[in-house]
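Each of the two complexes below includes chain A, the first together with chain B, the second together with chain C.
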Partner chain A sequence: MKALISDETKVRFRLPARVVSVVGALAVIASVFLPWAYGHEALDDVTFTGAPSPLQSFFLLLPGLVLLLLVVPFLGKQRLGRFAKAIAWNTSARTGSLATLATVVIALAAIAIELKGLINIEIGGWVAFGGALLAAVGTPLLPDSPEPTLDRVKTPKWAQIVGIVAMMAAVLFLASFALNQTDAGSFLTFGALLVGVVLVLRQLGVLGWLSIAAANNNRVLVLSAFVVAYAFPFTQNGSDANMSIASQVLIFAAAALGLNIVVGLVGLLDLGYIAFLGAGAFTAAILSESAFSTVDFHPPFLVTVLISGVVASLLGLLIGAPTLRVSGDYLAIVTLAFGEIFRITMNNLDGNDGPNLTNGSNGISGIPDLNFLGFDFGQAHTIFGVEIGRFANYYWLMLMVIALIIVVFMNLNYSRIGRGWVAIREDELAAEAMGVNTFALKLLAFAGGAFLAGVAGAVKAHHDVSVTPDQYVFLESAFLLAAVVLGGMGTVMGVLIGATILKLLPEKLRFFSEYRLLLFGLLMIVMMQFRPEGIIADERRQLEFHGEDEQLAEEIEEELITHHTHLFPERKGFVL
Partner chain B sequence: MLEVKQMVVAYGRVNAVKGISFTVEKGQVVTLLGTNGAGKSTTLRAISGLIKLVSGEIWFEGERLDGLAAHKVVERGIAQSPEGRRLFRQMTVEDNLKLGAYSRKDGTAVKADMDRVYDLFPVLGERRQEAAGLFSGGEQQMLAIGRAMMSRPKLLMLDEPSMGLSPIMTQTIMTTIRELQAEGVTILLVEQNAQAALSLADRGYVLEVGQIMFSDSGRALLGDDRVRRAYLGAD
Partner chain C sequence: MELFFQQLVNGTSLGALYALIAVGYTVVYGIVQLINFAHGEIFMVGAFGAFATWMVLGQPTNWGPAASLMILLPLMLLGGIAVSVTVALLTERFAYRPLRNAPRLAPLITAIGVSVFLQEFVRLFYGRIPGFPDAKSAVPFPSIAGISGEIIQIGGVTIQMPAVFTIGALAISTVFLWFFVNRSKTGRAMVATSQDPDTARLMGIDVDKVIVAAFAVGAGLAALAGVAHGLSYGNIDFRMGFLAGLKAFTAAVLGGIGNINGAVVGGLVLGIVEAMATTFIPGQFGSSAWKDVWAFALLILVLVFRPQGLLGAKVVDRA
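Coming up: the complex of A and B.
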């Protein structure tokens, strides 16, 4: 964009460009009060005049933001004082109007596909498209604003806490709204809208400010994140549809966090990790009181969980001890094979080809729900007048498991063991020369990660009711790995986000399921090209991927000195 | 203190070190000279336990060293600053030093030793929270030496500490080595810069294609015609 239009042109035409953009934004806003489609089926009904649908009301956010960004500085930059300089008005408006256009296009495409033909788009849709186009043409003609400095504006602690809490509340509210979009068109449109708003906020420097506020108030952040996560079932009115997805996401995320230790911290490529989840699930299934259980030992669940974890980590030791002495690629191949061996073995332990332990490909079904001290996980409970269903019970249980994993992970990351792990990842030979017992540490990571997967698997067995070998195929290992890489290796928050994206999208975009792998392949390629460190970057890793980028190096340097060291001299910041 | 007897080390079928023997006495600076591929770095790696011996023995303070795992060797009191520095580039200076002290469990003494490294190399102290990869070559070399010192070794092995450094920087590094020796650290130095190495070495061994050709005191080797021709650029 910069190369196409010279700065002089931009300065010369800044007034007409602003007028065009404002007219465009106004048109988009006006369009929300007009009908967008002729049929009721598309986007949860956008056919009313004067009464926008909930989706349309949310959509107002984007053009509204663009309009504010265009008009406010024009009314008087002086009156705004220091904030006038802290905000990148024009560039943010540009991002906003491009995001508006993208969202409108997706919405119109959804209408056209659902109602079969562009002809079904009514006047409002075309007004929105025209307006968005105007704004998208107008805003790039505005002069570039300087980099936002909002993140450097000093704010009192209470404001930071309010900011974090507001962010968390917004996340809860928007996530529950997004999940309640049952048709793919609405979900995608809303998703595009959210991505657009996030991009604008980033351009504004709001995200930068938030991340500093978050780093300043770690406890508040973690606490509010968990409060929000625990509150989520209350937004679902007893419906199990979304809670089922949410609890699956958490089980997936717990396994991904375990894999994150192995891949993210120690740098060992494990392509058969799903086998450990499977080992935990099968152990718990066999020890459960299911009618298909093959042994006569049914301990209470807390014991079962421990046994499942131990079985998984024993498998980890079994596979790790001979292979961890060799490096990189070999380990990947061996673990890949191990994952398949596990699945085939579970298939064969059917009484014909071996002892009957798993009923072969039928697996073990009819696994009863958990029951803790009379709290039956299979029953709905009414809390604060809201019905909390079966899946919500498992969701809460998994949240506790994840909280535990995160505590363990964070403590390890900044401990002597964690330092040894990262050293192995960065340069194994040097680590060895420094006196790090690399083999023992790698084995520990392998067994520890397997233990976590085993625990998650034990809950999964009861959650899923049945356990069969074909749930634990290589593809699942690949997805776990993709969640770690996509989210950001070595970070907790990144992996949680990555796991959510990879598990949630296929559930919501079922019409796309045939192209699911294609889509993920594309997503991974795009990520590797533009953001190899993942959505959330580990501070240490940023340098690995952009080592040559002097500017970035300086930025990290500056950031490390200016805030992290002051904030956490003993911990050097906290990546969450 | 350190005695290497008839040591053979191989990469696959190729013998990189073909039966060398040498000794390092306590408090000395001993240097291994030789061209690329002479087997100097391999020798250091073998002493550190990073590669297994094919045959031969390594003795350190009356104990057999060969066959021990690398981290056990560090616990016995031998540290190495490996060839090419091999810092943990994404870690801070402080974390690099902490890793150097990985084998130690005396936290307060580690802290004191860390301060000693910062005293020795003030640049590192000023930027202790910065990633090691952001430092210049000379500064990285300082960190590599500092890191190796953090295990409080009785024997410090330095693999080409002057590689890629300016003459002034090389001088600084050599001065540091002399200071370390004055503090009682025994040093085994591998260098291509023969002039610098020999002028502080008590003893020098000249390696060629995996064998020790000859050895003498550092001063004598500086005056030796063969050394002068091969390594000091004299006719």
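Coming up: the complex of A and C.
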């Protein structure tokens, strides 16, 4: 953009550009109250005048923000005081209007596809498109704003806490709204809107401010995040479809978090991770009171979970002990081979090609629901007048498991062990020379990751009701790895986001299920080329992938010094 | 004893197939230290390329043995090799080359992506070519008169002609590889680069070209293996690269990764072990359902007791 339009032109035409953009934003806002389509089937019925549909009213958000950003500067620099520089008014408005255009186009495309033809778009849709186009043309003509400094503004503690709680409430509300979009068009449109809003907030510096607030009030953040997560089933009105997806997402995320320790922290590429999940699931299934269970020993679930975890971690030791010594690339292939061995073995232990343990490819079905200290997970309950179904029970259980994993992960990350892991990842020889027991630490990570997968697998067995060998194929390992890579290796938040995206999108966008794997392969290639550190970057990781980028190194150093002083109270900063 | 020789023949032909693919792993690894995870898919693509050549030739089914062996088979081989080499060079250029100085995890993950992408690409789009069969399930491979279904009987041992073809292809390729590596300029540049890339560059060797040559040689042999697979099993499948690639990698490690002779020996040993295991392991665990397990168990055993492989001299300590 900078190269296209010179700064002088921008300064000269700033007033007309602003007016044009304001008109555009106003047009999009007005269009919300007009009908967008002729047919009722498109989106969530956008055919009314003056009464926007729920999805349609969300279109007020982005242009509203843009309008605010464009109009407030009319007050003048003096009256704005320190906010004149704290917020990147023009640049944010630009991002906002481009995002508006993108979402409007997606919405109109969804209408056109669902109703078969552009002819079905009514006046409101065209007004929205025209307005968004005007704003998207006008705002790039505005002069660039300096980098926002909102995140440096000193704010009282209560304001930070209010900010965090507000964010969490928004997350809860938006997530439940998004999940309730049943057709792909609405879901995509809403998703694009959310991405647009997040981009604008990031540009504004609100995200930066929030991340500092979160870092300063870690307990509040974690607590409110879990309150929100626990409250999620109450927003679903007993809908089992969404809760089933949500509980699957959590099981997937728990396994991905375990893999994250191995891949993200220690840098060991494990391509057979799903086998550990499978080992846990099969152990739990065999020890359950299913009619197809082949062993006459049915301990209570708490014992089963521990056994599952131990079985998985024993397998981890078995595979890790020989291969972690030779290190490196071999591990990837050996774990891959182990994944195949596991699948084939589970297939063969059918009484025909081997002793009967797993019923071969039929697997073990009819696994009863968990019964935990008299609490039956299969039973629906009514809490606060909302029906809480079977999947919600598993959802809550998995939430507890994930909370446990996160606590362990965070503590390890900042412990002697965690630092040893990162040292191994960055330079194994140097770490060894510094006295890090690399083999023991790698083995610990490997077995620990396997244990977590085993626990997740034990819950998965009861959640899925049946366990078969073909649920635990290489592709699932690749998906877990993709969740870690996509979200951001070594981060908790990133992996949670990655797991959610990878599990949720295929459920909601059925139409592309045929191309799912193709896109997935492409995504892995493209991610590695352009953003190998993932959506949410771990700072050390980011430096690792962009070693020669001096500017980035300085930025990260500065950020560590200014934002994370709480981590290093003994010093007034942090030296990289 | 007859059974032993029969299994020896079967194992050798299976092993020759692994060896042809394993050379690709080992050559690329020797030069760029990259496990080209997608190499199994290059093998699969080669088979589909040969099949496409047969389709383009008008699906000839009634050619006599002479014409089939002298014209049809060479054309199909060339077609398969052309497709394999093209795909391999494209992945090298656009997926691996930009990551040459990236942390080691990045190219490995890219390789997984390439592998999944190639499989899905064939599955989804092969059948879209007008007149081509749908590749979503196994595609029957054309039979070549003079090879398909023919057998040679020596005593009580039956030798399938496709097995002879596979072993012959390996033998010729090995001789070709020996001359290529030891006599040609590019081959010697490859050896120099694998020993010390920086010094090789100082000596005026174009390392990029050498890497391209390594990918091309590996892909060419993988395409031969693809055709051999089609002839031996009678059909080709978009999934066939996964297991074959895994086995071939095992073979490369078994022989000593980075060592071309090692890949050939490793492939043959692996094939024979697999064939023998299904015959001579008593009881239920000797059934053919377990043969892959024994192959991978062998890989793990090799890594424990002889990580440098059967013929590999240098200890692998690269992270």
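To be clear about the criterion, the second predicted complex is superposed on the first by the 553 of 576 C-alpha atoms of A that agree within 3 Å, B and C clash if a C-alpha of one lies under 4 Å from a C-alpha of the other, contacts with A are read in each partner's own complex, and residues count from 1 in each chain.
Everything below uses one rule, namely that a contact is a pair of C-beta atoms (placed from the backbone, for glycine too) under 8 Å apart; a residue touches a chain by one contact, two chains touch by 3 or more.
None of these values were measured; they are calculated from a predicted model.
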Notebook entry, point to check: Is A:529 in contact with chain B, with chain C, with both, or with neither (first, second, both, neither)?
Noted result: second
Next item on the list: Once the structures are superposed on A, label A:434 by its partner contacts, choosing first (chain B), second (chain C), both or neither.
Entry: first
Next item on the list: Have a look at where A:474 lands relative to chain B and chain C in the superposition and call it first, second, both or neither.
Entry: second
Margin query: As a test of reading the superposition: which chain, chain B or chain C, is in touch with more residues of chain A?
Written below: C
Check: Just chain B (first), just chain C (second), both, or neither: which does A:326 touch?
Finding: second
Check: Given the touch rule stated above, what does A:317 touch, chain B (first), chain C (second), both, or neither?
Finding: neither
Notebook entry, point to check: Of the two partner chains, chain B (first) and chain C (second), which one does A:419 touch, if any: first, second, both, or neither?
Noted result: first
Next item on the list: Would you sort A:60 into first (chain B), second (chain C), both or neither based on which partner it touches?
Entry: neither
Checklist line | Residues on chain A lying within both footprints (that of chain B and that of chain C) | finding: 429, 544
Next item on the list: Would you tell me which residues of chain C are touching chain A in their complex?
Entry: 33, 35, 37, 95, 98-99, 102-110, 112-121, 124, 242-243, 246, 249-250, 253, 284-285, 287, 289-290, 292-293, 296-297, 299-300, 303-304, 307, 316-319
Check: Can you list the chain A residues touching chain B in their complex?
Finding: 416, 419-420, 422-423, 426-427, 429-439, 540-541, 543-544, 547, 553, 556-557, 560-561, 564-565, 572
Notebook entry, point to check: Which residues of chain B touch chain A in their complex?
Noted result: 48, 50, 69-71, 73-75, 79-80, 82, 86-92, 95, 98-100, 102-103, 129-131, 133-134, 147, 151
Margin query: Looking at the complex, which residues from chain A come into contact with chain C?
Written below: 263, 267, 269, 271, 319, 322-323, 325-330, 332-334, 336-338, 340-341, 344-345, 347-348, 352-355, 428-429, 474-475, 478, 481, 485, 489, 514-515, 517-518, 520-525, 527-529, 532, 544-545
